[in-house]
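These notes open a run of structures that come right after.
Two complexes, one shared chain (subunit A), two partners (subunit B, subunit C).
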Partner chain A sequence: MNELELQALLPFMVLAASSLVVILLIAFRLSHTVIQISGFMMMCLTVICMWLVRDTLPREIPPLLVIDGFAAFTTGLIVFVVLAVGLFSYIYFEEREENPKEYYILLFLATLGAAVLTVSKHFISLFIGLEILSISLYGLIGYLRNRNNAVEAGLKYLMLAALTSAFLLFGMALVYLETGSMDFAVIGRHVQSSGFSVLMILGIGILLVAVGFKLAFVPFHLWAADVYQGAPPPVTAFIATASKIGVFSVLLRFGQSLGLQNEQLLQGIFSFIAIASMIVGNLLALRQQNIKRLLAYSSIAHFGYLLVAFLPGNDNGETAALFYLLSYSVTLLCAFGIITIMSGTKQDAESVSFYQGLFWKQPILAVVLSVAMLSLAGIPLTAGFPAKFMVLASGVEDSRWIPVLVLVATSVIGLYYYLRVIGILFEKPEEETAATKVLHPFFYYATYTSLTVLMLAICWLGLFPGNVIDGIRQLLQLE
Partner chain B sequence: MEVLFCISSLVAILSTVMVITRLNPVHALLYLVVSFMSVAMIFLSLGAPFMAVLEVIVYAGAIIVLFIFVTMMLNLGKETAEQERNWLKPRVWVGPSLLAAVLLAEMIILLTKGQPGSMQVTVVDPKKVALSLYGEYIIALELVGFLMIAGIVGAAHIGKHRKKTFHRFLEDEAETEQQLKADYHDVHTG
Partner chain C sequence: MILIWLIILQLGAGILSWLLSKRDNRLAAGIALTAVIACLLLTIQLFARFRPSFAGGGQWLMEYRADWIPAFGISFHLALDGLSLAMLLLTFFLGALAVLCSWKEIRQRAGFFYFNLLWTLAGITGVFLAIDLFLFYFFWEVMLIPMFFLIYIWGDTRRRYAAIKFFLFTQAGGLLMLLSILAMVIIHAGQAGRYSFDYADLLNTTLSPGTAKLIMGGYLLAFAIKLPVVPFHNWLPDAHGEAPTAGSLILAGLLLKTGAYGIIRFVITMFPEAAASVSWWAMLAGVIGIIYGAFLAYGQTDLKRLIAYTSVSHMGFVMLGAFSFSEMAMQGVVMQLLTHGISTGALFAIAGMLKERLHTRELGRMGGMWTTMPRMGGIAMLFTMASLGLPMLGNFIAEFFILMGAFQASVPLTVIASTGLVFAALYSLRMVQKVFLGPPSVENITFDLDARELVVLGALSVSIVLLGLFPQPVFDMITNVIRNLNHTYE
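What follows is the complex of A and B.
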């Protein structure tokens, strides 16, 4: 490993070191506040390192990793998500029955796993990254281990994730049997010279089970609602954004280097999964009274939309997918931030009725949540609109008519339940509740401010998407 | 060689099917040991003696013995002796021992007349394993370290016992007190 490779790896080393720093801080019995702030600093340091090493990219680190503009964007997005999730975690976990310190070790390890996924170009790093991510997530989901919901969610995730890891390994073994290599590029060359054999398609199909599970695509979506509901809201935000960004980016890279979209059968499978996810996700969300479950089903639908951008397998599709991931994560962070800040010590603010008349009590929070819902629905002037537009454009350009039509139709259905939530926010409140004392004012207002900033970011992305899209295209070196 | 490979694969499949169909955990674990040993035998017949030894030491040796001990410990009680007698019926141990005997016979054949057959076998010695782990795949090795941290921290947190700082007669009192406190704080915002 030479100096330049080490330089390119620097942000990942800092990311890995942050969990060790937290362990050391715990060993010295420092307080939750110290851990929270130093974790925040470490994440900032990671971003700074990424900025410092930007000139050395793109760089391959054989045999496992490749660090390029695509990886820089997705890793940056993941670190940004974790900055926000870490901030939300303070006020949530400070008031809970569990000691909140180990939480940060697991959170940073899960981040490391997701980041490794974005840079991996080899089955070994893919598998290890995915395992780091899911093993940390077991702990995070069941973190409040005295609550039945949390334990149930953790156990469900554990069983299903372990099963899908077995699928992943089996798929990898089949592909290896056929090509004799685990490197995406070598597999891609093999496919180019001798096409997709039956064994190869079988292997990739089995691999897709594992990826589909992590992204909650439709035949593998059964865990999503229960896990979203049972996990603490900051963790749910992490699962819905960072973990899915990591897995989706490795799927994009794998698809790109193998040309998965050119194979007739696999194309059919992807189209089917996309259509099924869009329809089932939106229909299940329609009558949902629990806002966490509603967001779970909506995220199933959103990843169905995202697959429409994956289907063409060209540069426009990739740009659209990355922009969609960005706007989707900012929006979901807003929504889960509100759930976190509204949650009481005994119970999370899950039920939709909890938000009845929020506008008359907490106008700013209500406006933030409304903007997030509008953005999820894809209303113009919010980030969701240009994102959905780009996905549609990339689908239309490649004349994938059926998925595109389903996308439009299901978006209309989706409008119903997003607007229903907004309607509830503006209803008359049931009774006057006495204002309770604000605990931890510094972190409370920090969270409040960050939510407002996130809301402004949604509007900015919706009004001026051009700058960001140009930035993404530059990172992908398309210009 | 090829025949030996096929037989040990067959033993592996058989024993693994037995693992997931047994109702008694200890019976299942006995078959699991055999399953691991047959995988070790597969490695050996493919020319990876180091991996085979590791498979036996790490899985069959350490982890499974630990499992069996823990499962037996958890059942401590009046009926333990009775249970142990039940577990040692021939019906229970004949199956795993037969499969293990097949593996033993295979290994003896392999060691006494181990000329390479039709299969192309490259012997992977410990040096090659070490060089690839600590050379080419060093990043993977480091990442596995982080994987272990995640597992340990998660397990330690979930399995931690709640600290008891007061006498058990006072426990109820303390709990109600805590509840009152929690009610007082209630919600951040309302």
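What follows is the complex of A and C.
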């Protein structure tokens, strides 16, 4: 490994070091606040490192990793998500009795796992990344072990994730049997020269089961709602954004290097999964009374939309997918931030009726949540609109009419439940609740501010997506 | 530059009145009124400035263009021609009256109310001005969200149902339109080698007849839902009935007009052949709307729903005229847009005033109002007459022109459509009889119009009479538009 390769790896090493730093800090019995702040610093350091090494990209680190513009974007997004999640975690866990310090070790490990996924170009690194991510997530989901739902959710995730790891390995083995390599590029060349054999398709199909589980595609979505509900809101935010970004980016990379979209049968499978996810996700979300479950089903639908951008397998589709991931993450962070900030010491603010009349009590929070909902619904002025627009454009450009039409029809269905939530925010408040004491003014207001900033980011992305799109295209070296 | 100021002024005033409303409700209303009247004055000034050049010159009287998302060839492109000028005059006129109507009605959360009102108006302004299709779609949605809030928060008992239904219907159409826009842009990109959402560029796209029909279908459906054309009219009575007075006024007076505007500006201009091939069916849908709307209006017991159904009927004339491809009918259509906005707006304002006094919209609980409120009765009579198409009032000119024009296109349809005028007389007179004539209802301690209401209804009355007596300025305004349309007919 030469110096340049080491440089390119720097951000990832900082990321790995951050969980070690947290362990050390715990050993020295430092307080939650210190850990929180140093964690924040480490994440910022990661971002700075990425900025410093930007000129050395793209760089391959054979045989496992490749660090290119695409990886830089997705890793950056993941780190950005973790920054916000860390902030939400502070007020959420500080109000609860459990010792929150070990939480950060797991959080940063999971981040590392997701980040490794974005740079992997080899089955081994894919598997390592995925396992680091999943194993940390078991702990994170069940972190508040005194709660009923938490243990259930953690166990559910554990069982299914273990099962899908087995699927993943089996799929990899089948592909390896056929091609004799685990490197995406080599597999891609093999496919180019000798096409997709039955064994190959079978292997990839089994791989897809594992990936589909992580991304909660229909029909592998059964865990999603329970886990979203049982996990603490900051963790749910992490699962819904960072972990899915990691897995989706490896799917994109894998798809690009193999040209999965050119194979008739696989294309059919992808279309089917996309359509099923859009329909099932939106329909199941319609009658949910629990906002975390509602967001779980809505995120199933959103990854269905994302698959529509994946289907064409071209540059426009990739740009659209990355922009969609960005806008989706910012939006979901807003939504989960509100849930976190509204949650009391005893219970999470889960029930939709909890938010009734929020606009007249806390207008800023309500506006943030409304903007987030509108953005999820894809209404102009918010980030969701250009995102959905680009996905539609890439689908139409490739004449994928059936998925595109399903996308349109299901967005209308989806609009209903987003509007329902927004409507509840603007209802008459039920009764005057006594203002609760703000426990940690600094972090509380920091969260408040960051939510407002996130909301402004949503609007900015919605109004002026041009710069960001250009940025993405430059990173992907399309221009 | 003035064009963009029209939009910014309203958006800014909306935010301002929201922020300042904590202190004083009246202040919020005052800011809203000032902003809309300023826009109205600006537009009148534009009218005066361009009056000599309506007949000559290029397609646009005025343009503003800035890059927005260059990667996709999307620009912030606004342009004004006679048609948009006419619609803008109507927008700000009715907008100012809508603010005046809400002066007393809205007591709670007035700041947020005026914020939504102004943002809806800004969206409508944008729809009438945008000639970049992405921008058009953008404004098309922007006007919906605040309208949703207007109905959802300040509406009547069934407001939630009505608001969500309204939004879902329009959004379904809107997304299909977005698909059509995208398909067209991508076909254009295939021919021209670059993305562009610009109206002028897309006009030059060559489409095969089959594709053109499909793409036009997407547009037409969006506009037909908005207009509304039977069978897509289902959202309208609920939304109109439950909305607060200002909401109903803007819905009926302006939002429906955006559908008609879209048909004229996009469907007929961009896809003349495809539109011609479905014209008979479109005219049939219009005629069905005229008759069916009139029948339903006659059967209503709720005053606001009754007026809502009359809109369905009157918008049938727009559909009939727009698809008859004759110059005269098109003049009538534009006239109909203006006069229907004024007359139905006035009827909704009156219904709102009645509701403020009686706290009901049920016809059964009204009656004999003329004795206590002669002024309101008189004005209501005037607008009922306008609505049923009495000569001297604007609606007569509009419907007469439409029927004349449509007669050349299809005799049987026009004959059936003409009977709509008779039905209009039936439901209108029934309404006047139930509300103002007959034995007085029990609790009859009501006050006649106060000065503010008199200003609102007076302005509407004067304008409907003026349009009826001197329609020529309107026709002058759209000479150029009609001439361009004539080129496409040939």
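Rule of thumb we're sticking to: the second predicted complex is superposed on the first by the 479 of 479 C-alpha atoms of A that agree within 3 Å, B and C clash if a C-alpha of one lies under 4 Å from a C-alpha of the other, contacts with A are read in each partner's own complex, and residues count from 1 in each chain.
Rule of thumb we're sticking to: a contact is a pair of C-beta atoms (placed from the backbone, for glycine too) under 8 Å apart; a residue touches a chain by one contact, two chains touch by 3 or more.
Remember, predicted model here, so these are calculated numbers, not experimental data.
Subunit A is touched at more residues by one of its partners, and among subunit B and subunit C that partner is B.
Legend: residue contacts after superposition of the two complexes on their common chain; A:189 is shown touching neither subunit B nor subunit C. Residue contacts after overlaying the shared chain place A:412 against subunit C, while subunit B stays out of touching range. Judged by the touch definition given at the top, the superposed model places A:156 against neither subunit B nor subunit C.
After overlaying the two complexes on the shared chain, residue contacts for A:61 are found with subunit B alone; subunit C is out of touch.
After overlaying the two complexes on the shared chain, residue contacts for A:392 are found with subunit C alone; subunit B is out of touch. In the superposed model, A:91 lies in contact with subunit B only, and not with subunit C. Taken together, the two complexes place no residue of subunit A in contact with both subunit B and subunit C.
Residues 136-140, 142-144, 146-147, 149-151, 153-158, 182, 185-190 of subunit B are the ones that touch subunit A when the two sit in their complex.
Listed in rising order, the residues of subunit A touching subunit B in the complex are 1, 9, 16, 19, 23, 61-65, 91, 95, 98, 102, 105-106, 109-110, 112-113, 116, 124-125, 128-129, 131-132, 135-136, 138-139, 142-143, 145, 154, 341-346, 361-362, 433-439, 444.
Across the complex, subunit C is touched by residues 360, 374, 379-381, 385-386, 389, 392-393, 396-397, 404-405, 408-409, 411-412, 415-416, 419-420, 423, 426, 464-466, 469-470, 473 of subunit A. Contacts from subunit C toward subunit A in the complex involve residues 67-72, 109, 134, 137-138, 141-142, 145, 148-149, 152-153, 160, 163-164, 167-168, 171-172, 175-176, 178-179, 182-183, 185-186.
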